[in-house]
Each structure stands twice: as structure tokens, then as C-alpha cells.
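This is the structure, below, for whatever I ask next.
Residue numbering begins at 1 within each chain, and the chains themselves are lettered A, B, C, D and E in the order written.
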Amino acid sequence: MIEIFLGKYNYWIYITLMMIGFYAMIAKQNLIKKVIGMNIFQTSVFLFYISIAKVKGGTAPIVWEEAILYDNPLPHVLILTAIVVSVSTTAVALALIIRIYKAYGSIEEDKILEMSK
Amino acid sequence: MEIITSIKPLLIISVSLIAVLLIAASRKYPNLRESWTILAAITKFSLVVSMLPLILKGKVIEYFLISVLPGLDIKFRVDAFGIFFALTSSFLWIINSFYSIGYMRALKEHAQTRFYICFAIALSATMGIAFSANLFTLFVFYEMLTLCTYPLVIHKETPEAIKGGKRYLTYLLGTSIGFQLFAIFLTYNAAGTLEFSNNGILAGNGSALLLTIIFILFIAGIGKGALMPFHSWLPAAMVAPTPVSALLHAVAVVKAGVFTIIKIVLFVFGVDLASQLGLGHGLAYFASFTIIASSIMALRQDNLKLRLAYSTISQLSYIILGVALLSPDAITGGIMHIIIHAFGKITLFFTAGAIYVATHKTKISELNGIGKQMPFTMTAFTIASLSMIGIPPAAGFISKWYLVLGSIEAHQMPIVIVIMASTILNACYFFNSICSIL
Amino acid sequence: MNISQHFPVFVIIIPLISAVIIPLVGRIRRIYGWYVSIAATFSSLLLSISLLRTVFEKGRISYWLGNWEPPWGIEYVVDYLSGFVLVVISFITFIITLYSMKSVGKEIPEDKITSFYSIYMFFVAGLLGMIITGDIFNLYVFIEISSLAGYALIAVGRKRDALIASYNYLILGTIAATFILLGIGYLYMVTGTLNMADLRERLPLLYDSTVVRTAFAFFSVGLSIKIALFPLHIWLPNAYTHAPSVVGALQAATATKVGIYVMIRIMFTVFKPRFILEVVPVSQMFLYLSAVAIIAGSVLAIGQKDIRRMLAYSSIGQIGYIVFGIALANKLSIIGSLIHILNHALMKGGLFLVVGSIVYKTGITNIDDLKGLGKKMPFSMAAFTIGAFSMVGVPLTVGFVSKWYLALGALQAGKWVFVLVILISSLLSAIYFGRVINNIYFKDDGGGHTTKIDDAPAGMLVPTLTLASCCIIFGIAAFIPVYITRFAAEMLLGG
Amino acid sequence: MQDNIILRTVTRILIPFIQLYGFYVIMHGESGPGGGFQGGVILGASIILYAIVFGIDQGRKIISEKLSDTLNSVGVLIYAGIGLICVLFGGKYLEYNILPLGSAHLASDMGILGIEIGVGITVASVMITIFFETARRER
Amino acid sequence: MIDLDLILLLFLVICAIAAVHMKDLLSATMILTAYSLIMALVWTNLNAVDVAFTEASVGAGITTVLVIAALSRTKRREED
């Protein structure tokens, strides 16, 4: 297993991206920054899915007579669904942010928490 | 031993529950409400009496209600010991009902409907404890008794009453959930059943250490038995109106605790197992300590009800002592003491209540010369005191006699000395009260 | 044409369709949205019961969506476990929907009611989908549907605090869901399948693989956030406190329960019990975590002033109980856990509904202000008392049954200390509920108000009392849930 | 931005092409890249572009709140309805090749197409709704 | 090909860091858009045409529009 990880830098990149996103979601005080972090976080996981679907020498999984080796199309379908989910989450989060701004006049988490005490 | 199935135990328990509905329905009409209480009390007592002939013939009445889970049944069994207890409490309920009507009306207490409702439920629970055929049923009614007496304890709703009620609940719920329930879990895990049996159910199930732990947990878990150090709820509960103290905290609740301890020693562990493990003697010394310590405490109380409460603690330990000695005479003495103490202590509380109604005084030191104002009351007080001390021809003498015999039989001379010493202490504080009152 | 074979998919499709119909009919008259919700949840309940019966008659039901064979297509599975949870959840949602009309009408701005019910039905559909699906990716989708709907539902709370509570829940919930997605990816990477039954067959060969263990770790963390297991619980108290009453009840009674169900699915049917017990002894970790959760939840609940917040912390403790039984992983303890799922759904649902009624009538949420309510709202308060008793574990309520099984399970596993944990937390819950009940019944509100009986309207009272009486019915006739859960426990542990 | 003549003209010209492309992507879903979701997004994007350039209120005139809400529901109903029709014809839920359209292959194609259209409508209208909700000025 | 892939991936990381780091939220959003587009490119390289297409339209398109719309109604700058 270790060799596979070393051989495929995709995985290292996805972990790096994931950490960056995770950091932004947890440590950033600005609510929009959190949303940005969330997007990075989620897409990094999508990258991971796409990477595991890649077959060496395979072609895109579309109907094409000459192709012998397809890449696995299933993860692609899954990620399509996941992207839908991701954009819905972003939309809900943004809608919340707008209402939070209306109610508190700020989008910095620490200030909001202070106000709601 | 012949077993008869009859619905009577259930009826006896439900009588007062039905009365609860009627009482609640007629809360606007005090006379009707009180007559329901009286009616329920009389019905209950006569139902208990109607079972008596069969039991005296050596038969056992059983009624199986429902199985909550495999191994957890709600089941009633009436045997000689149980009906003994039931008879006492249901008889005293009748008397107590008349007394409480007078008491509550004289003092114009608030929330009387709640008072009578809780009282009726408490009696149901007491009957349930008396007739329970297994530990689970016992536990259910035990908890029910605790919960439904709480509103009675805090009846006055003064900060003092609520403080007392809090202590009452903390001790009783804390011990029963923390220790008793744990012990029940362990018992079920070891024995696979919770049914009471004449030979005990734990014999041969589990190591001596485990069984000792279970025993200790049970004894600690039955806070209603008021063994030290789990006694302080009883004085705290004395903030309740006097009828409550009289029937519940001198008869029903504490006797339920003692009754439970006896049931557990005799029917869960069994005489053989208990003596084999030496559990009885340990308990006996524990009880002896309580007897002496609480008698000394009683001596130091100035509040009449508190003094009676501490006296109750020591008298309860007599009963436990009797059972713990595990000899036939001692057990007889202990069980007899249940009744004798019940009648004696309820009389004493009634007189204390009567004094309160008449003079609004509670401290012994304030009661000088009241004997002349209330001669009949004080005669009753004196007689009951004599019984408590154990002076013949009062009934208290008989049970003490058996206890002494039993401890000699069990070769426990120190216990004999304890009984003697405590009798002297009893005499001290009762004569002290009588003298100051007269 | 036998229509009953399609029930597994109808259970989800009906709430889903009703969710999109509600905006249409709600335009005609607002109340129609509620009617549709009632109809949908009621039919889901009927379908669930019928499914459970079929399971008992014929065994496991498997439904192939689009008739594609399982490893490729999505499979819906009803077995003893999912049948049981399905009935519990659909019953609770039906009751809460029944309750919702007045409360929602009072707490939610009028122009949002229609979309509220629409989102509400999405939420329900997501939950039911999580229960019934046999495909691990489909599971993720349903988790997200219900979570997204859940965030939106919480955000419609009256105070602005609801917004930030919802937002924080969203962030943590998304992290959790993404972790789960990652776990799914890892499992798919090594096994090449997404079907739960298939995974169960293929995984044992790979138990030593780091990838599989990593996957399990991601599942554990993700699901622990979703169910608010103790150190990861921070989103829960605010979310429950500030959500509208109906949503609080729904979230507390169903959302975490389904999360735990998913946890059981992953631990026992995707992985085999051997994995969590022997290969990677995570069960030990969960055991201690849950013990801490039980105690910590109860202790924190004692310190609360707001009754909803108190119930929320109490939920954290109760979740600890359920996880505790799962982590012990013997038959008795799993029965205990499953009954506690039912139990907690009933009583916490009931308690939150009572709080909803109090808010509806008086607007009070502070425990100290509840004085004298026992006389004003006798029926609601009776329901509260029953729920509280059940929570403490008084015998003859369903709370006792689950604790009984959990304690026996702990004894069977030789873990005495944990019995003590259960008992101590019972005492602690007796303390915090005792405080409330004491306020309700035994303290006067200082005169002033008239003590006229002014209980919640029947539309709110009947559902509340139904839940309360269920607490007692299942406490006395405990053999019914035990009978069902015994099959489920045997199925989970068997091979 | 409403005064920028170049933007307005270019937008007017572009929008039909964008929409045509969106429809193409929806229809073409089963044999090439794309499908209902992506097509729906593109369709939604065309309306959003219009609203950005000509102003929100002008955009609302084209797609009113009522219409987009209805389309939300209708799209899902098409999706769910096709599934139910499959059940009516005796298949499993969403088993399109059971539909009575001659060959199973054709039935399957038509079924998928129907689903894609449903998804496309929903996605487009949801995108529009979300955009309008997010960008709406306080009244 | 591999080199291009690697470069793209490194670019992704840089974009991610920049997007998180930027104080100006509008700039951060634009960088996020760039991030999404690069991601779409990477996926095209990995033969996931479908997904790349979707990411390009959703991640780069809709998300950006929504975030900017949200920004226009809140604050543009992150506070320290």
C-alpha cells in the first residue's frame, strides 16, 4: 500500500488540499472564508475519487467503439452526485450567512458569539 | 404448601388506586372526598382479613399480573409474613384516616386533595411491597412508595419542608438506585431469577465475595430501613404533617424497608447461606450500633417529633437485629416487633399531633404541665412509651423477650448486653419526656 | 401486479413527492401543506409496519432499484434491524407532524410555513432513506439530504441565535459527511463495490489493510460528529435550543437515532463484529468514550437554566447509552441499545413536545419560571413527568427496560464499573429532572396569575400524551420491542 | 451595469446559444459528457446572466417566483413520475426498459431522457431560485 | 503529460493557500474560481470529462456567482 501512495502524488496533493480546507473551516473566523474552505475541502475529496477511478492507459468512459480499456465510470457518477450536494451545501451556507449578517451586522464568528451571549 | 390463585392481592392494591380517581373527581366536596378515603381503607382492610383464614391454614395465595420481560414479572404472593404486615398497615390506615381528617381540618391545611391522593397511593405501594413475589415487583412498589410520599413530606412547601424533602428523596432514591438496583442486577446475573424462594435463590451461585458484596449492596440500598449511616432522611421527613409521620414514617415506609431487608435475608439469601457466610452476624452488630447510637441521639432531641423519629430508627434496628441473628426465636421477636412498634409509635405520633393541634407547640421543654390539660392524650402517651421501653405488661416486653432469647440461642452475649443497654436508654428518654410533660 | 413488493421504495418516495407537492398545494391554501405532510408520514408509517411484518413472515426484503442487480444497482434492504428503526422513526415523525400545526403556526413566519413543510418532508425522506438503503454511497446522499434539510429547519428558529447555531452545525455536519464520503471512497478503492452486503463478503480478507482501517477511522469520526458523541457534541446544544420546538423535537427524537443506526450498520453489517472487537479494538475506545459521554452529558445538564438546553445535554448522555450498548457488542447490550433508540425517541420526543406546548402557551423556557405550571397545564405536565420518569429509568417505564438490558449486558461482559456508570447517571438525571418537576408541582408562581386550567390545544396535547403513554405501554409490555430487537441483535451478531 | 450597451447586446445575442447548448447537453446525456444536471446548470446560468446584466427585477419578470417554484416541483415530479410509471407497468421503480415503447433499448433511452429532462428542469429552476434569493435586495 | 499533471496539482495547492489566505474576500472568491477551473483541468486529464464539465459549470460558475452575490450583501473584507 505504501508504494502506491508514494507512486501517486495525487493522493499527497489531495491530503494537502484537504488539510488546507479543513484549516480554513475550523480556524478561520470569517464565515465566508469557512465556505471557501469547505469548497476546497470537498473538492479535494472529489479529486481523490477521480484518482482511484483512473486506469492506466484507459480512455474516458464514453461510448466509443475503438476503446478497449475504460476508466471506471462509477466514481465519476458518484462525484457528480457529490458535486450537487456540495453546491447545495454552499447555497444553504451562503443563505445563512446573509441572514446572519442581517441579524448581527457582522460575519466574524468570534464577534457574533460575543453578541449572542 | 398449597398455592391458590386469587385476584384478591391485586384488588387490595387497586382499591386505593381507584380511590385516588374518586378523590380527585370529588376534590370540590371535602366530605365526599374524605368518605372515599375511609371507604377505601375499610374495604382494603376487610379484603386483607378475608384472606387471613386461608393463610392461617398454611396456604399461599398467588396472582400473576404481567411479565414485563422474561425474568421480570409483576407477581403477587401472599404468605403469612406478608399478610402480617398488610394487616397492620391497612388496619392502621383506617384509624389514621379518621385522625388525619381531624388534623387537616383543624389546621386548615392547603392542598388536602393532594394529601389524600398521595396517601392512598402510598398505601397501595405498601400493600404491593407486602405482597410482592419477587424482587422486581418489590422494587417497583418500593420506588412508588418513595415517590408518592415526597409530596407528603414537603406538604407545607416552606423552605424547611423542601429542604427536608430534598434530603428525603436524595437518601431514598440515591440508595435504591445506586445500591439496591445494582444488587438486583447482580442477583439476576448470578441467579437468573428474582423470584423469592424459601431457601434463597443465591445459594451456590457465585463466590463468597460476590455474595457478600451483593448483601452489603442490598443492606445499603434499602435506605428505608434507616440503618446508620443512611438514617438521616427520617428525622428530615418529620417536617411532614403529623398523620404522615404517624402512618408513613412510623409504620408504612420504614416498615416497608425493614420488611424488604427481612425478605432479602430470608428469601433471597436464605437462612443457611446467610449464616454460612457470616452475613447475619455482621448485620447484627451493625444494627446494634444503630440501636445504641440513635438512642443516644434521641436523648439529645428537644423536638418531640424528632425524638420519636430517632427512637424509630433504633426500634427499626431491633427488628433487623432479630432477623440478623437468624435464630427462630429472634426472627419471631423481630417480626412481632414490627406490629408492636407500629401500634406504639403511631400512638405516640398521634399524641404529638394532638398536642400540636391543641397548643401549636413542638418542643418538649415547652410542654411542661400539659398532662393536666390533656389527660387522655397523655395517658395514651404514657402507655405507648411503656410499650416502647418494654415494661410488662405492655406488648413491647414480649418482643424484647424473644429477642433476648434469640440472641442467647445464637450465642451472642454482646447483643444481649446491647438490648439491655438500649432499654435503659429508651427508658431514659421516654421517662424524660413523660416527666417534662406531666 | 403485487404492489406490496414496492413498499421499500414507496416509503421514501412518498415523503419525497409530498415534499415537492407541498409548494404547489400550499399556494392554494397554507394548511394544505400540513395535510399533505400528515398523509405522507402516516402512509410511511403504515408502509413501515407492513414491511416489518413482511420481514417477520418472509425474512430479509431486498429491492433492486431499476431492477439492476445489487453490486451495480442500488439495493434497498429491510431486515429486522432496519424494519424496527423504520417503524420507530416513521411513528415519531407522524406524531410530531400531527403536533406541528399549531406550534409551527405560532413560531414560524406565515410566509415560510409552506416551504417549512416542504423542507420538513425532505428531512423525513432523508432519514427514512438512510435507514432503508443498502448501498453505502446512497447512504451518503441521504445523509446529506437530511442534514441539509436539518440545517434549514433549525435556521427558522425565532431568535437570531438559531442562525449561528445552524451555521456551526452546517460546518461540522459537512466535515462529518465529507469524512464519511472519504471512508466510502477508501472502501470502494480496495473492494470495488458499494453494496453493503457485498462489502461484508469482501472485506474480511482485507481487514489487515491500512486502507480499510483508515476507512473505518473516517467512518467513526464522521458518524461520531453526526450523533454528537461526547467530545464531538458541541453543535448539538445550540442547535436543539434555538430550533423551533417542532424541529427540536424532531431532531432530538429522530436525527441522532438514525445516525446511530447508521453506525450500527457500518460496524456490524458492513464490517463484521469481529473487526471492531478483535482486529481493531475500537469497541474499547467507544466504550470509554460513551461512559464519559453518559456522565458528562448528565452533569452538564444539571447546570443548565434553559429547559431545552437541559434536554439537549441530556440527549448527549442518552446517546452515550446507546453507543455504550453497541460497543459492548453482546446480545443483551445490543438489545438494550436498540430499545434505548425506541425509548429515547419516545421520551425525548415527548419531552420536547411538552416544552413546545409550554412555549406555545406561555413562551417560557427558563426552568425557574416554570413554577406552578402543574396546576395550569396538568396534562402536558403529566406527560412531562412520565417522560422524565422514563428518562431516569423508573420501573414500568420503557427507560427501565433498556437500562436493565444495558446493565445485564455490561455484567455479562464482566464490566461492573459500567453498571455503576449507568446507575450514577440515572441518579444525575433524577436530579435534573427532579429540579424541573419540583418547580412544576411544588412551587407557587407567587400568586398573581390565576390558576385557571389552560392546557395546550388538543391538537398538541393528543400527540404528546400518545408519546407519553407509549413510554408506559412499552415499559409494561416490554416483550414487544424486546421480541423484535432480539431478532435484530441476533442478526447483527450472527456470523 | 444596466447602462453598458455592449454587455447588453452581447448578452442578448449569447443567451439563445447558451440555452441551445444547455438543451443539447441535457439531451445528449446518455451517450456523451453532460446530462440533466450540467445542462440544467447551463440553462440556469443563462437566466442568471440575464438577471445580472439587466437587473434582478427585469430577470424576475421573465421567470417569476411562482414559475420557478412550480418548475422546481414539476422537475422532481417528472423524475418520480417516470419511476412510478415503471412500477405501474410491472417493473421495479425506475426500471425503464419495461416501458411499452417497442424495443427495450428504446424504452431505456426514452426513460433516461425523461429523467434527464426532469433533472434539468429542477436544477435550472433551483439555481435560479437560489440566485434570486441570494442576490435579492432588501425591500 | 505527467509533468503537466504535477504542475497543475501544485498550482491547485497554491490557489488553495492563496484563497484561504487572502484578506479581500472578493479576491479570495476569484482565486477559488481559478482553483475550480484548474481542478476541472486535472479531471479532464484524468479522463473524467463528465465531472470536469460539471465542476467547470458549477464550481467555477454557480458557486462564484453565489458567493459574489452573498458578498454584495455582506462585507467584502475579512477582519483581523
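Everything that follows uses one rule, which is that a residue touches a chain if its C-beta (ideal position, glycine included) is under 8 Å from a C-beta of that chain, and two chains touch if they have at least 3 such contacts.
None of the values given here were measured: they were computed from a predicted structure.
Count the smallest number of chain-to-chain hops linking subunit A with subunit B, moving only between touching chains.
Graph distance in the chain contact network comes out at 2.
List every chain that touches both subunit A and subunit C.
D
Report the chain whose CA-based centre is farthest from the CA-based centre of subunit A.
B
From the Cα centroids, identify the chain that ends up most central relative to all protein Cα atoms.
C
Using C-alpha centres only, name the chain that sits farthest from subunit E.
Result for max centroid distance from subunit E is chain B.
Contact counts by the stated rule: is the higher one at A-E or D-E?
Top pair by contacting C-beta pairs is A-E.
Quick one: subunit A and subunit D, Cα centre-to-centre, how many Å?
Inter-chain centre distance comes to 24 Å.
On a C-alpha centroid basis, what's the spacing between subunit C and subunit E, in Å?
Each chain reduced to its C-alpha mean, subunit C and subunit E end up 37 Å apart.
Using mean CA coordinates as chain centres, what's the subunit B-subunit C distance in Å?
Using C-alpha averages as centres, the distance is 43 Å.
Residue numbers in subunit D touching 2 or more other chains?
33, 35, 37, 130, 134
Scan subunit E for residues touching two or more other chains and write them down.
Correct list: 49-50, 54, 58, 62, 66, 69-70, 73.
Give the pairs of chains that touch; include all such pairs.
Applying the touch rule to all chain pairs gives A-C, A-D, A-E, B-C, C-D, D-E.
Inside the complex, what are the residues of subunit D that reach subunit C?
These residues of subunit D touch subunit C: 66, 69-70, 72-73, 76-77, 80, 83-84, 86-87, 90-96, 98.
Name, in rising order, each residue of subunit C that touches subunit D in their complex.
1, 3, 6, 9, 13, 16-17, 19-21, 23-24, 27, 63-67
Can you name the residues of subunit C that touch subunit B in the complex?
393-396, 401, 404, 407-408, 411-412, 419-420, 423-424, 426-427, 430, 434, 438, 441-444, 475-479, 482
Can you list the residues on subunit A that touch subunit D in the complex?
Subunit A residues touching subunit D: 60, 62-63, 80, 84, 91, 94-95, 98, 102.
Going by the contact rule set out above, which residues of subunit C touch subunit A in the complex?
Counting only subunit C, the residues touching subunit A are 137, 140-141, 144, 148, 151-152, 155, 160-161, 163-164, 166-167, 170-171, 174-175, 177-178, 181-182, 185, 188-189, 194, 209-211.
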